[in-house]
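Each chain carries a letter (A, B, C and D) given by its place in the written order, and its residues are counted from 1.
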Amino acid sequence: MRSRLRCAGLLVQEGDFVLLYFNDRRWYVVRARRGARYSFNEGVISADEIIGRAYGESLKTHIGVECRIVKPTLCDIVYNAFKRRTQVIYPKDAALIILKAGIGPGSRVVEAGTGSGFLTAILAYAVRPTGTVYTYEVRSEFLELAKANVAALGVDSFVVFKNKDVREGIDEREVDAVVLDLADPWEVVGHAHASLRSGGVLACFVPTVNQLEKVVESARGAGFVMVEAEELLLRKYKVSRGETRPEMRMVGHTGYLVFARKP
Amino acid sequence: MRSRLRCAGLLVQEGDFVLLYFNDRRWYVVRARRGARYSFNEGVISADEIIGRAYGESLKTHIGVECRIVKPTLCDIVYNAFKRRTQVIYPKDAALIILKAGIGPGSRVVEAGTGSGFLTAILAYAVRPTGTVYTYEVRSEFLELAKANVAALGVDSFVVFKNKDVREGIDEREVDAVVLDLADPWEVVGHAHASLRSGGVLACFVPTVNQLEKVVESARGAGFVMVEAEELLLRKYKVSRGETRPEMRMVGHTGYLVFARKP
Amino acid sequence: MRSRLRCAGLLVQEGDFVLLYFNDRRWYVVRARRGARYSFNEGVISADEIIGRAYGESLKTHIGVECRIVKPTLCDIVYNAFKRRTQVIYPKDAALIILKAGIGPGSRVVEAGTGSGFLTAILAYAVRPTGTVYTYEVRSEFLELAKANVAALGVDSFVVFKNKDVREGIDEREVDAVVLDLADPWEVVGHAHASLRSGGVLACFVPTVNQLEKVVESARGAGFVMVEAEELLLRKYKVSRGETRPEMRMVGHTGYLVFARKP
Amino acid sequence: MRSRLRCAGLLVQEGDFVLLYFNDRRWYVVRARRGARYSFNEGVISADEIIGRAYGESLKTHIGVECRIVKPTLCDIVYNAFKRRTQVIYPKDAALIILKAGIGPGSRVVEAGTGSGFLTAILAYAVRPTGTVYTYEVRSEFLELAKANVAALGVDSFVVFKNKDVREGIDEREVDAVVLDLADPWEVVGHAHASLRSGGVLACFVPTVNQLEKVVESARGAGFVMVEAEELLLRKYKVSRGETRPEMRMVGHTGYLVFARKP
């Protein structure tokens, strides 16, 4: 399988995601599909002009505005080209979940719920080429959306999509990590415990303090140890010589993270 | 190669890192080496009692205090069993660098400086089994320490250690990411640009606002685009029913992160 | 003098500021002036209907929407009824300046620059009835705006407005505090030192890290001691049973505060 | 009455609080009492050497270490010379309560509980010379401590100390503000409503999210409007040329603030 994420060569191929960079405020991530046309404020570009060009080359829109063809990163694609119908996890939270849950190449990870598949894709990217993400979603329309997103990224072969209510149980055993981004994770904490191998990690993302309290309590009650609760605040800076300061607007909250260990 | 990070079986083997869990405040990560003895407040345990036991089993110290043998995560090992002689990167920062730089299985990453090898190990873990981390460190005593740490984790085959001043140049070309944790990253930004493939990511970690300003300016000057500057604040919570609140003490600052893209 | 800030009686009087409360999202602060009419989404109310009514009473707009007449606080008036033509200080920052600079009834305070007079008004309110705020502003159009704002609040008798470039010197001696909200406070730090009494406090508000560094250095150089630099982050919460969490949007930065002492 | 807070003249008088400044890390606030001797790491100073000296003068300890006699601010005295037997409010929180509750000269304020009297003193300082703080404390030993602290500051004539359980009711009517720093403020919210004048402000400080939720709900239930919940994070900076950064250690939490209005 040729992932959309690796430069197989230096040339844009049909199906690749491409970042069209006009300037630091204006750039777009599109998927190069024969026949497609992309309209921006800066003018129109057709996919046929992009396919076969080398990454790093320049291009002009029909009104002559120049842009560069840049190979996008995982985050560029997921956060700019994926379709979303749900709240999606922020990179800061996804990143810490992966590191603290010990998720890496070869990991077997259970995720619920799938939602729009943003975290699914990020997890799948991390567990390649020998790991698997088992993702549960009860709403089939979300699962279909997630499948399409994950397939577009080219990492669908590392994901098992399950249209199932995870509150009824997790099928997999001896998994390395269970990641829950659900409204009621405490309903699943017992199943997570049964599913995890010894030493495996439960990671939960919840938006409210009430969920935080409930999921921590239920994790302790289910036999998890080393239960940690935390949140990340990301502060962006506007940097220029002599005028450096944090940005005025900030995302003040995404959610709380809970990590726990099956002993 | 058998990594220390995967359960080859369910039994502790010679050379494995093991987390000995007494309670949520008292747990230790040790490396199981025949003949070794570990002394804790809770008593003494010998490695020979641990080796061959199944993960998840219990054990008693010589004074009868019980503990569980838990398979540690990457973070458990790196932050509790690695030796350090330098400031080391925090998990929150390492995690975001990996995700935002698009680092994953197969990535070719340049890192400088190596320091105690904490980030080296985390990067190596992420790029397995086909990627490589090229890490530069001018002080040979740190490089030796890092080698020992990374080898203990069992991921040294994914790392090329280079005892070289990275300010003199980066040897590798067409790399996916360059990660700089240096006092003067602006001296290396030009080399990073030369080393990166089109679309590759430069990630820098710097503790002061002055370094932040200088590295952002030099990155822009060197031809990088989409330069972002940010910091992460991690806030821990003390969670118990009816008494949930953030912890009183907090790490108020680790450093600033800069991400930039070669177009 | 009858301040607009005290209930002389229970009845709204000509010239009073009044908070018209429709609901938690819709409320307005207006000044009751004979003949004035106020148009809101909820309909029109005339000042003549308000004047003479008791605080706490209800009122209807011409289309029948009910509101309550509420006595506004200092902050309600300053932040909702004052006109602004400049960046204005946030309550969190103004509050800490007042407390840490030891400003209270009877204090003699120098302020520069006046700007729209928000901080001037808050300082004047705090130093009543025996203190004085000496406020410097080089741009006469701002000084006039500030005068109008402060006079509307009824605390103008505690303020001396000076249309003067404070970089040329501070006229007052033995003052208790000097508060600088200027682009280049380091130009004034020496004058502040000359103006302050022994033990007096210099307080500066600056938006950028570069100004922060410069003003701290210049304060130390001018003979100030106990120089402190800090910033306040205000995080708002959305509270409702079972769904309590911080607000998603947050003001990520206003500015840095510097406090220093003349020994 | 001669307050300890104003320089009646330039000379230290019996009973004054004095800040003895050795350097930015070493300074002490003591009360000048005939016959008293103060022992520091830097040596011994007797009160008799201080009394009668001018503020700003230098002095030597018995081992010859020099210090300056500095007039302390309100915060210097309260946070360095007051005795404490309870958790005390932080300046950032006290300051915002005062400003947002509209507390200033002439305000009539109810406070509960008194605790060690830190907030009582700060409130009393702000309401001088015509306002009053009515402070309730059920534990008489705390009330006595608070009385001693407030009297030492010289603002006791603006405080009415009440050894009474505020949950049984507030005696005062038509007050401008009620400030609650209690474990169970929801028990008092109804009394606060009865006690406040129209437009008066309820301000509560609570450490946990559970208290936050309960007090907000009870305030809404008691008829308060414009209920706001927030918290302040204070971040200190280490500033020096070319090495400016936030401090590594930070107070990550003090408590949540709730403000509400009686319509």
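Here is the rule we use: contacts are C-beta pairs under 8 Å (C-beta built on N, C-alpha and C of every residue); 3 or more make two chains touch, one makes a residue touch a chain.
None of the values given here were measured: they were computed from a predicted structure.
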item: Chain at maximum distance from chain D, centres defined as averaged CA atoms; value: A
item: A-B against B-D, pair bridged by the larger set of C-beta contacts; value: A-B
item: Where chain B and chain C are represented by their mean Cα positions, the distance between them in whole Å; value: 48
item: Centroid spacing, where centroids are CA-atom means, of chain B and chain D in whole angstrom; value: 45
item: Centroid spacing, where centroids are CA-atom means, of chain A and chain B in whole angstrom; value: 21
item: Where chain C touches two or more other chains, by residue; value: 209-210, 213, 235-236, 244
item: Chain D residues within the chain C interface of the complex; value: 5-7, 10, 19, 21, 23-24, 27, 54-56, 68, 70-75, 91-92, 94-96, 98-102, 104-106, 122, 125-126, 128-130, 197-201, 209, 212-213, 216-217, 225-241, 244, 256, 261, 263
item: Contact set on chain D toward chain B in their complex; value: 207-210, 235-236, 242-255
